[in-house]
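Here it is: the structure, laid out below.
Each chain gets a letter, A, B and C, in the order it is written, and its residues are counted from 1.
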Amino acid sequence: MADIGRGWRHLADRNPLVRFVDSCLRGAAQVVLQNNPLSGLLILIALAWGAFENGMPRVFGGGVLGLVVGTATALALRVDMSSWRKGLFGFSPLLTGLAVPTFLDQRPLMWLYLVLGAIGTVVVTLALNAVFKRWNLTAYTFPFVLTTWFLLMAAYQFDRFTVLTKLTPKFPGEGSLTGGTFDWGLIPVFFKGVSQVYLIESWVTGLLILVALLINSRWSALFAVIGAVGATLLALWFGADGASLDKGLFAFNAVLTAIVVGAVANRPGALVTVYTLFGIALTLFVQMALTTMLTPLGIPVLTGPFNIATWLLLLPDRHFAPVPNHERVKDTVLHTVRDSVNLR
Amino acid sequence: MADIGRGWRHLADRNPLVRFVDSCLRGAAQVVLQNNPLSGLLILIALAWGAFENGMPRVFGGGVLGLVVGTATALALRVDMSSWRKGLFGFSPLLTGLAVPTFLDQRPLMWLYLVLGAIGTVVVTLALNAVFKRWNLTAYTFPFVLTTWFLLMAAYQFDRFTVLTKLTPKFPGEGSLTGGTFDWGLIPVFFKGVSQVYLIESWVTGLLILVALLINSRWSALFAVIGAVGATLLALWFGADGASLDKGLFAFNAVLTAIVVGAVANRPGALVTVYTLFGIALTLFVQMALTTMLTPLGIPVLTGPFNIATWLLLLPDRHFAPVPNHERVKDTVLHTVRDSVNLR
Amino acid sequence: MADIGRGWRHLADRNPLVRFVDSCLRGAAQVVLQNNPLSGLLILIALAWGAFENGMPRVFGGGVLGLVVGTATALALRVDMSSWRKGLFGFSPLLTGLAVPTFLDQRPLMWLYLVLGAIGTVVVTLALNAVFKRWNLTAYTFPFVLTTWFLLMAAYQFDRFTVLTKLTPKFPGEGSLTGGTFDWGLIPVFFKGVSQVYLIESWVTGLLILVALLINSRWSALFAVIGAVGATLLALWFGADGASLDKGLFAFNAVLTAIVVGAVANRPGALVTVYTLFGIALTLFVQMALTTMLTPLGIPVLTGPFNIATWLLLLPDRHFAPVPNHERVKDTVLHTVRDSVNLR
């Protein structure tokens, strides 16, 4: 296994095509902050499974197209090569590519829109990281969030698109709200919460993503589960909408917050775990607030809540990171992953 | 009087419990930018009076709980001690604690929500001050504003909360608008404008707060009155909603802007007074704009307009501060108050 | 011709009144990023023509009043004189002055509102440029956009104003949408797209503005045309609202983006032209998204999309400016124009 990894890395160093494939695979894994091509491969398989299971193969196709276009655009724009090789320019366009066919109806123009969106995501990645660098932060998945929000809001103004978000613009508080129930049916919900990070509802996909995390970083896998379970139970307790809860929609933002705050930006430990639990609650409340804010516009929150909550948790630096983490602050690197396995 | 002040300060230096109480009292006064425990004590008495007068004792309880939880959280997060002792981590959680029982219905879960909100306010304070430090500004009461907006918007998504803002989400311009009238009834409105800084409508509370300002800084008290009178009269002239005007709701943001721009960030004088008068008008227009912006979401503007207007007025630094104020720019201090009395 | 230019510059150096007039004229031209008093004079004539053609002479009066008040306010605030002489404090108040009588009904109080708005625009210009300086960017026309959004939103809350934007607050997606048609009628639309930069719908005005661009910078004139044609055709292809398209409303933001990205911030060339074409598409999509976002508030996008798209395109600096442009980054200068003719 370790030999295969070393061989692959060697190949990637010499062959530009393998290097490109390697950057794409790492990009697929960087959504959940892992720098590992094998994890990326497993995640792509998981996405294919989920997309076909839901009868939406075009979602998988869109994701792969976004990943390839985004990675190629970054190459054409001559971005920092070290970051590029880690897949840090692939993960946001991949998500944009998954989102466009999920929320817009199938037609040729949609694919052009997706390609323009993937290119735009790379430009926005460069722009936002230039902004966030001033505070030693990165934009995480926010380039995807911003670009997709803009693509969906723009689609309302074009005759030739139909927005399929199932979110009719309305006032917050309109319509009835029924909380979920506590039973064994929650177990698959936790896994769906993980798969929803990639906009897919499938417990099999979620399970495979957890395995992909596990082969690169046990801490990341553990905190992903804590995030999914914690946010879902809290949402249940406070009486959040049961239908959305069952789809895993209250978990995926907290999954990402928990991975970043618990396992990536800080050294895992007791104090950091307490911070992370607070961070999971913060992410849920931010998600609910953002849901209200976007209700009149009829667009989904995507991973906006994860980004906002994580910035708030990481900005007061010294207070939340008892053990200083010098690796987080780098000029050219968008986000760094400390966890390593042989296959890096 | 001066002896008591010296004795108290001495006690606070040695006894951790007295130090904590001192920090809380100063926090109550820092909402109106005063660093004085006696002012804070008087303000807490004023708030108790107002809350009981309005039949809402839980609002006073919430405020004190927020103040204590916030001050304790900052201690646990090992923030800068010099800022902590000035009460700079208490004022925003105090306001969050006043706002939650004002806008949400009474039930046990509300108190948990309030405590989480107070903790969140401290995290947001640290985060936003890290952001604003880049421009030598502080976040003022914006951590309270942001946290409370998020708490209220999130409450819409939870089965177990009822939002009591009396602001049904609607489109701006809907419903009729009747301007106020100019008569002697405006006199108590000016005092209510001061009390509304703490979300309470009571002219007695407003009067006591003015006394609390007076014992620490005459300039602050003077500009508070100028702010309340100026903004109310301007709102009356332009024909703003009479019912809100009578509650002092068009004054409280301008009160804060006038204190900061007229008496705290700049050395009081003729030119600065002209700036401050323009700042009062700016604050009112920003408040009206923000009211329109938040109409579809059904949440109140809180002290958001004060923050936005004051940032706009202080950002062009050299132009609005004819006498340089080197004290304003400090690394760890959130906001400084130059005014001093013996009791500091 | 060159002699007249030299004589005028000489006169402006010695006579404060001529200097003031010169700064105002340059301000009129700086909206389209030209530093040339003759261009400014021609543009003012073009605006007068358009305003009278549309039966709205008060719009021209408002524009001139805003320009004069703004330029005088900047003088009173003792701003950087080199920037002031280039007209960099006149262009945003000019636009605010054009917008207020366009969107509010005629009455004496409207003129006071306009004057306060022009003063406010200068304060916001200083504030936003202090913010954007951190990223070596300028606020472009965003001070106008922000101030005018605030003035219009505030007007909803005042009994004594009637908002005439013809944009009733509603939910996005409500009402039917009919795309435009491709025929010879598009030719005047391209020119109207240029005139809409100054909130006026008139192909004559647009043509005169292009001439004003031409006498100062051929590249700017060329990219203005590319922006107008490109954005209009793209909007037509995607099926954007035909009525708005015929007024030139999908072109004016792209005109400005094309001038800045294609001719001002970067050295014109093949690569930069490709970037600019992508920038034109980005501007259109941002405009459509912003239109959706502002639908519930019933306010127009103004030149907000140009500002957002241009910031996104210029933030990743080295990637989009193959030839380094050291002139762009200056401390006190708001935006620089490299193009020069004798009359500068």
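What we mean here is this: a residue touches a chain if its C-beta (ideal position, glycine included) is under 8 Å from a C-beta of that chain, and two chains touch if they have at least 3 such contacts.
Since the model is a prediction, treat every value here as computed from it, not as a measurement.
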item	value
Same or different residue numbers at the chain B/chain C copy interface, by half rule	different
Angle of rotation relating chain A to chain B [CA atoms, steps of 5 degrees]	120
Length of the line joining the C-alpha centres of chain B and chain C, rounded to whole Å	37
Contacts with 2+ other chains: residues of chain A	134, 296
Residues of chain A touching chain C in the complex	77-79, 109, 116, 119-120, 123-124, 126-128, 130-131, 134, 149-151, 153-161, 163, 168-170, 296-298
Residues on chain C engaged by chain A in the complex (per definition of touch)	134-135, 171-174, 177-179, 238-241, 278, 281-282, 285-286, 288-293, 296, 311-313, 315-317, 319-320
